[in-house]
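Chain naming follows the written order as A, B, C, D, E and F, and within any one chain the residues start at number 1.
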Amino acid sequence: MRILLINPNTTAAVTEQAAAHARRLIPAEIVPVTGRFGARYIASRAAAAIAGHAALDALAAHVAGCDAVYLACFGDPGLLALKEVSPVPVVGMAEGALHLACTRGRRIGIVTGGVLWKPMLTEFVAMLGLSERLAGIRTVAPTGGEIARDPDAALGRLAAACHDCAEIDGADVVVLGGAALAGLAERVQPQVKVPVICSVEAGARAVVAAAGLAGARPMRPPTESVGLSDELARMLRAEG
Amino acid sequence: MRILLINPNTTAAVTEQAAAHARRLIPAEIVPVTGRFGARYIASRAAAAIAGHAALDALAAHVAGCDAVYLACFGDPGLLALKEVSPVPVVGMAEGALHLACTRGRRIGIVTGGVLWKPMLTEFVAMLGLSERLAGIRTVAPTGGEIARDPDAALGRLAAACHDCAEIDGADVVVLGGAALAGLAERVQPQVKVPVICSVEAGARAVVAAAGLAGARPMRPPTESVGLSDELARMLRAEG
Amino acid sequence: MRILLINPNTTAAVTEQAAAHARRLIPAEIVPVTGRFGARYIASRAAAAIAGHAALDALAAHVAGCDAVYLACFGDPGLLALKEVSPVPVVGMAEGALHLACTRGRRIGIVTGGVLWKPMLTEFVAMLGLSERLAGIRTVAPTGGEIARDPDAALGRLAAACHDCAEIDGADVVVLGGAALAGLAERVQPQVKVPVICSVEAGARAVVAAAGLAGARPMRPPTESVGLSDELARMLRAEG
Amino acid sequence: MRILLINPNTTAAVTEQAAAHARRLIPAEIVPVTGRFGARYIASRAAAAIAGHAALDALAAHVAGCDAVYLACFGDPGLLALKEVSPVPVVGMAEGALHLACTRGRRIGIVTGGVLWKPMLTEFVAMLGLSERLAGIRTVAPTGGEIARDPDAALGRLAAACHDCAEIDGADVVVLGGAALAGLAERVQPQVKVPVICSVEAGARAVVAAAGLAGARPMRPPTESVGLSDELARMLRAEG
Amino acid sequence: MRILLINPNTTAAVTEQAAAHARRLIPAEIVPVTGRFGARYIASRAAAAIAGHAALDALAAHVAGCDAVYLACFGDPGLLALKEVSPVPVVGMAEGALHLACTRGRRIGIVTGGVLWKPMLTEFVAMLGLSERLAGIRTVAPTGGEIARDPDAALGRLAAACHDCAEIDGADVVVLGGAALAGLAERVQPQVKVPVICSVEAGARAVVAAAGLAGARPMRPPTESVGLSDELARMLRAEG
Amino acid sequence: MRILLINPNTTAAVTEQAAAHARRLIPAEIVPVTGRFGARYIASRAAAAIAGHAALDALAAHVAGCDAVYLACFGDPGLLALKEVSPVPVVGMAEGALHLACTRGRRIGIVTGGVLWKPMLTEFVAMLGLSERLAGIRTVAPTGGEIARDPDAALGRLAAACHDCAEIDGADVVVLGGAALAGLAERVQPQVKVPVICSVEAGARAVVAAAGLAGARPMRPPTESVGLSDELARMLRAEG
């Protein structure tokens, strides 16, 4: 199985980190790709809106020959648009991790870096239809980008946030979200009584599970455009 | 009052049509701007995702000197991202029209062109928190772009859809949505027993009402980026 | 534009205060009217139930010649009944202010005077279908009536409640509700980081925006009654 | 046990009919009282709003010496206001019948007379918090008042509506609502496969069950008023 | 009226306690029966799942000659299955008490013994469709079984939990839940400002109210089984 | 990986069928076990309640040495109880299939055999918190047991129900649910435009994905019991 891992921000080091973590855990070939334009790190609504475009652009340029797409940014910018145009199944990191977490606990907690993510993830969970399963979302001040540069500095805050998710919010399971946080869940786990799930790993496992399912796709209309990359313009112009 | 009217698709004729309609109805100066890249007409999730970026780009380039922003595409691509970065109030066409419609009837119907808009608008209404007020959404096959080119051909279908919204779905008021449908509400009204609201007009009235309200703004962090237009990169780099 | 401003309590000074504030802010003629019977100040469910009748009575007596009705009591007693019988559009103060506030922030806070208003407003927001947008409702002990008599004494408590709505409840915008609190929002604003909206102003702006919309009205049956004012009995007896 | 049965419309014949039906079924003394003002029959929002005041007025005048209050109009105008001021427990006809019906079936259907009741009852059920239990509401054209005058003429339509509630809407149990429909449930039952519950009976049984429960009451503030009946003014002026 | 009171745990002393309390309060013959297998006290999901089977078993063995069934365990294991197969009405203790409590207050609090009951009761309330009426659920550490053995030791904690339900969670009425807590509500009441309702009493009152209602029953198919008690196998084999 | 596949009904042929299908699709050792008591086929609430006990009993007897548990009955009787006591992860067939289906479509349809399953599955989906994602549930008259005996006879009805789920209910993806329907999805697919997912396969894939996740478990108290199998009694008596 060949999986296109799209990091829709523009920092290749984060792409490599997520791809390396996924390779260690799942039996599939990982093809990593980084956004061609947009924010270095996605930590605001504006950055996420641009990333939706960048993720579509990356998909159009690199999906050929892949069996599934892993949208590897926790918050899944452009998720539904990618599902619309992709010839193969697409699963987002937050989407996959949250659905899988639902099988491990009744009430799901989410911890991530960057304070502006809280309202964005609240809406994303609502869009998934999983609001009733949500115990709470806690963010720490350093963004994913800052955590990627110095994970040890953030570890204490992340552990404290996971702990509070369980003890105060009543989460039965906590998802530690973010491509840049790959591998930190196991380091945080000893300080938290409920399972702490790594979003990079859980998302990747969900991609593998979903990719195998049979399935036709509904049709979409061809769309004319201007000012886009050749690959994206061509993908939109083709019939679905 | 000076209002920046952003049409996030890339067809200037639709921008002009919406601006002209708004100018006739509201006592404000309208500054129209069209998206620099993206779909000619927005009728899919992919086109809408790209339009969110294009709307941000247009805002960054043209907001200086304006008192408010009217995001004039029914479906409001990028709405929350624009609110995040804009120095002046932003109101979306669907957002403003739907909130205003809520004061005219208990159950709101929506009619627009392009069948892929139905699930997108269903989610948009949920994001607004107005799902309980929704009687139903009905689409006609011609997209906004096609209706703009030949409104007379679509009028019968639009009237039938509005009628069914009232008679079958139980709507007390129907919003006829779409920049390209500016001015069609009054032509459809005679065939519908409940009020039919023009989204271009109602959205513009909501912009005027909202623009006047006093208000501070919360802060957002500066964001580094690559590959964006100079204006957008500069706006993201500035502190909120 | 001529707007009938109905204060459904029986204290003319509050009517005058709200009318004066509205006159300063919106370009319309304001026709103020005070309830003929009921509580001096509305601060309980019983008082609000009676006020619904009083508001209908005032509408029947004074709506002739007006273009729109502003039900100027935050909590909007009798709102849907007035909409049912009125020949012109009716907007309530809480209804209009809350819908407009939704365009300024994702999560709305409400602050008002009188502790019994909290459950009543919770139900009112639910009736509007806006519960998902509600961050929280905070009341201060003095009722609207007491605040009207001595606003300076209540200012500190109101500012603290608005501050807590933002900092503790997570409101992005706060509506300071109550006819008797007209004009206090700007005095409270300096102590609150998110926008504080005056309900008298926002409600009035919503009336202006809604009044302009075209619209037919559904029919209602003639109703025979006993023991009501001549005007109200006559209005009910007429076909809708 | 002495139960005050308040009919908040102004037709004494309906009061007598409901009281007579309740007397046959429950072991309690029934004290019937009719509204002093308002619509002959309640079949609109305006009539219901006035009835809330009339019900408070009747309570104030007649509650002395009673152990519980039965607000005997299906739709329960003024219900929460009566609960606020009453010295003894108050149960509404729709409130009591619907909660009891929930123990007989998973999905509740409602059938009543008067087409304007449908949206009003939809909101009432939402206010009770029982929307998820609702299979559907069906109304027949004749209002309660018309059915009271000629029940045989309406029987076929009521049976058909109950049948459709079960077969089309999926109701497991149907509440036949309305003081004027007392006793018709058993006549309709043979044509309906699921249980049909008489709202007058079920509401009365709920009053008896609720009346026996022990209970303190929260406090409410004294309220000054003008233009009300002496009894109601006195009740509002007293501390709760 | 003859009521089968099923205690689905396997401790006869709790059965007797609940039956004795019910006998003092309601005018009906109580036939008590204890589960033949399962947990001594139900304080976990596993124990509750087994109790659903045990309650069905008890129903099959003892329902003959009874007019109604009272499933007398707060949490109501097997409730919907019993309703499906029983020839007479079945009401659960939590079901009946909560619906009746809804007529006494807007927001319902629940207090019971055993910390694992909180998520189970949260789901039970959701299954009833009453989540919107729920102010909060508070548990004390001793389980119902431990409280039954030494009620005085638990009284302080129960009173504190009821008090917090009212003061912190905003409950207007509190249900003290549990067969083993029969009679403790009145001892706790003096320390709580809002009504405290005994679930054993309220459930029993709801059984009496519901039992009297007329009603047919939908059909269910005959079911072959292996390894069950003769009575239960026979009941499943019979047509519904 | 060694997976315990529990069929909680008492028909070994269905167990074998599901196990064989799972073995073909997933890279794991499957240990099948059939319920020791209960209905031959589960097609009612009573049968499902008993099956919850039987599933616990099977788990206690056979979980030793397994890495995960697959509760292989669509409707997942006893799911949360099994999760509570199991030393290894437990995923139910409906739980796993529905969460995975959510990554393939926005609105999920469910088709299964046995008309009584519709309300049961409606409640199960609500318990999962996925109600908003549900397009509709359609059942065919033959139960899973009947379909297992003669799948060809049911194929037309199942295809028609899947088709209607997509065309009428608006499902983007349909889950064909039931252990006894293993392998029928691919036979039905040609007649349905949207993906049809086999619940046996999708559930098994979800078990594999979930089994790999790291995780601690919260504690549960030891429980004394009577009349249960030795294995189950011992498991309950042990601390969690």
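Following the convention adopted for this analysis, contacts are C-beta pairs under 8 Å (C-beta built on N, C-alpha and C of every residue); 3 or more make two chains touch, one makes a residue touch a chain.
From a predicted model like this one, the values you see are computed outputs, not experimental measurements.
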Residue-number overlap at the subunit C/subunit D interface, same or different (half cut): same
Reference subunit F; chain at largest CA-centroid distance: C
Intercentroid distance (Cα basis), subunit D paired with subunit B, Å: 44
Separation of mean Cα positions, subunit B and subunit A [Å, integer]: 29
Touching two or more other chains - residue numbers and ranges from subunit E: 80, 106
Residue ranges of subunit D touching subunit C (in the complex, touch as defined): 10, 36-41, 43-50, 52-53, 56, 78, 80-81, 83-85, 116, 123, 126-127, 143, 220-221, 223-228, 232, 236
Residues of subunit C that touch subunit B when the two form their complex: 25, 80, 89, 91, 95-96, 99-100, 102-104, 106, 128-133, 172-173, 185-186, 189, 192-198, 201-202, 205-206, 208-210, 212-218
